[in-house]
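In the two complexes that follow, subunit A is the common piece, with subunit B as its partner first and subunit C second.
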Partner chain A sequence: MNISIDVQERDHQTTITLAGEIDAYTAPKLREAAFPYTEKQHANVVIDLSGVTYMDSTGLGVFVGLFKSLNANEGTLELNGLSDRLKRLFDITGLADIMNINPKAEGGI
Partner chain B sequence: MSFRDTMLDEYKEILKTYINDQTEQALYMSQKFSRKSIEYKISPEEMISLHKTSIMELAPDLPESLLLSLDILLEVMMSYGLAYREHQSLRTIQRELINEIEVAANMQQTLLGTQIPHISSVDIGAISVPAKQMSGDYYHFVSHENGAVSVAIADIIGKGIPAALCMSMIKYSMDSMPENSHTPGDVLERLNRVVEQNVDPTMFITMFSGLYNPGNHTFYYSSAGHEPGFYYNGETGAFEELKAKGLLLGVDKKAKYREYERKVEVGDAILLMSDGVTECRTKDGFIEIDTLVGYIEKYIHLGAQDIADKVYKELEFLQDFQLRDDFTLIIIKRTA
Partner chain C sequence: MMKPADYIEMKIPAKPEFVGVTRLTLSGIASRMGFSYETIEDLKIATSEAITNAVQHAYKGEEGEVLIGFGMHSDHLEVVVSDNGKSFDFYETKKALGPYNDQSAEFLREGGLGLYLIETLMDEVKVHQNEGITLFMTKYLERERVERDAETIST
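So, the complex of A and B:
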């Protein structure tokens, strides 16, 4: 049950690369690390989830929180590299309709 | 003999034994003495004063400088004593708080209790097992004057007291809905507005809301981002997901919830669940939907409550009896 969080800031964009599991135990770490970047005006936050092997509803809660915070500050949120299982979570919860979500690229063109 | 004198005598005895022949026994005695003095709330500075009195009696020819140094040590220990007393009083407060939370948790259980309704021709069963002390899952039934039954199953994301308060909010909003507006879509829209306004922004709720009308045996349902349930067709033996689209409660106050309906025939069943059921993790990975459906199939001929209990037992066994997530399963089966 661990998570690695890597943050890079470049050209008005914050890229957060995550790997590991997002559950009740790791979600607070993610929230703490990512939240400050959503509180700036017009922030653009891109989160790469291709290394995430598991996420439960607590994890989803963090993304809703980030999304709401960015919306309040007129920023944008983009989630990339979601596995099928993660994509399903965002689909079921209706979040896929209101958030910018890009699943993992399939092999080949 | 005062308490201080008793302690003094005991301490002097230990000190004497050790000065004379440095035995392990004396060291062991002093450990015991230390536990006893903590129990009787003797502060560190009092211990030093005890030590000074004892040593002055046992070795009257000690150099003056050593005795004087004990005065300084005593002064220095004063703050430790204060810190220790503060720790003691915090522990008392903490114990009181734990008791109060326990009382609140029990009260919550009573307040949130829901009765499984009995209606002719429909058999209903439900099981909800928390992974930890307080559950984030919640289900509730409301019986209406016209014989219809509302059912709600919710997963509150965010734990502890805020989640508990949130559950009460759901329950009372549902109970106090006017008789003419208990359609599942209405219920969700109303709750969504309540949740959006009142709840901490990182907390949200997934909820499946249903209404069974025994008059025409139709099940009406809407979902706010909740795990889809299953529909069991008694004639063909097929299972299908009860798909419904809708956003989580508490994200967007203008969210609309579409209503779906399903005609229920004799022998058909509706299965509602929390994500603790479908996200059940075994040592080999996640449970496959087919495996879950397999278990339900195995017991579908039983009564609704038996199905719920038996499926839970199977999944509990799969996870080596260690639930990682709250587990809730509701079965509604048309019998006649």
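So, the complex of A and C:
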């Protein structure tokens, strides 16, 4: 019932790897940890969600906030490794058409 | 309203750290009733959204409690989430909500999807508003749902 947030900065790209649950309790922690990386000009933020086991609208709200901040600063946001469950949340809320999201690769080698 | 075969109730402090605790209980109840993995995940989101609403809007910094009831019926689960805080106006809040349409990024809302998700993921949602807000959310067991739909079509 918690979240782990790992941030790596390399070659003008910030990669944030998340694991655990994103809900009313953990969403503010995520926002606080990730937001500073969205405020630089032309920042590229990639978020790996493959370890996220639960998410609800509080998580969607955080990603919308990060997306808006990056857009305002001419940066980009990419959400990777979404499970079918997470992908569905972005689909039914209409966010899948607005944001750059990439589902988890099937199978794997 | 039909009396449930079994009823489980829990009362949590209106604090975000207890939303996950309720999800664990709900998972156990729904799995005992025979709901599929997918439906249990939907139930977890809808119930969390209802509790999150109560925690974030009803008490606004004041101490309070949220009551969660699980009515276990033979063909459906009824989840009741109730606060007695100074509630937000449910219907006014709901009017402003819904999925995102193609909008430029600067105008995207950062919240308010919770009620939309509840209505999308549950089969029936009822609201009772007086001192606080009570949300009644129903989810049918998949096989029963199919039979109910089939009946509607054939008559």
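Some points to look at:
Convention: the second predicted complex is superposed on the first by the 107 of 109 C-alpha atoms of A that agree within 3 Å, B and C clash if a C-alpha of one lies under 4 Å from a C-alpha of the other, contacts with A are read in each partner's own complex, and residues count from 1 in each chain.
Note that in this section a residue touches a chain if its C-beta (ideal position, glycine included) is under 8 Å from a C-beta of that chain, and two chains touch if they have at least 3 such contacts.
Quick caveat: nothing in here was measured; it's all calculated off a predicted structure.
Touch criterion met: A:21 reaches subunit C, while subunit B stays clear of it. When the two complexes are overlaid on their common chain A, residue A:65 makes contact with subunit B and with subunit C alike. After overlaying the two complexes on the shared chain, residue contacts for A:94 are found with subunit B and with subunit C alike. Contacts of A:57 after superposition on the shared chain: both subunit B and subunit C are touched.
Of the two partners subunit B and subunit C, it is C that touches the larger number of subunit A residues.
In the overlay built on the shared chain, the residue A:37 is in contact with neither subunit B nor subunit C.
On subunit A, the surface patch touched by subunit B in one complex and by subunit C in the other comprises residues 24, 54, 56-58, 60-62, 64-65, 67-68, 85, 92-95, 97-98.
Those residues of subunit A lying in contact with subunit B across their complex are 24, 31, 54, 56-58, 60-62, 64-65, 67-69, 85, 92-95, 97-98. The touching residues of subunit C, when paired with subunit A in their complex, are 16-17, 19-21, 23-24, 41, 44-45, 48-49, 51-52, 55-56, 99-103, 105-106, 108-114, 116-117, 120.
Looking at the complex, you find that subunit B touches subunit A at residues 136, 155, 157-159, 201-204, 206, 224-228, 245-248, 251-252, 255, 275, 279, 281, 286, 325. Taken in their complex, subunit A has these residues touching subunit C: 1, 21, 23-25, 28, 54, 56-58, 60-62, 64-65, 67-68, 71-72, 85, 89, 92-95, 97-98.
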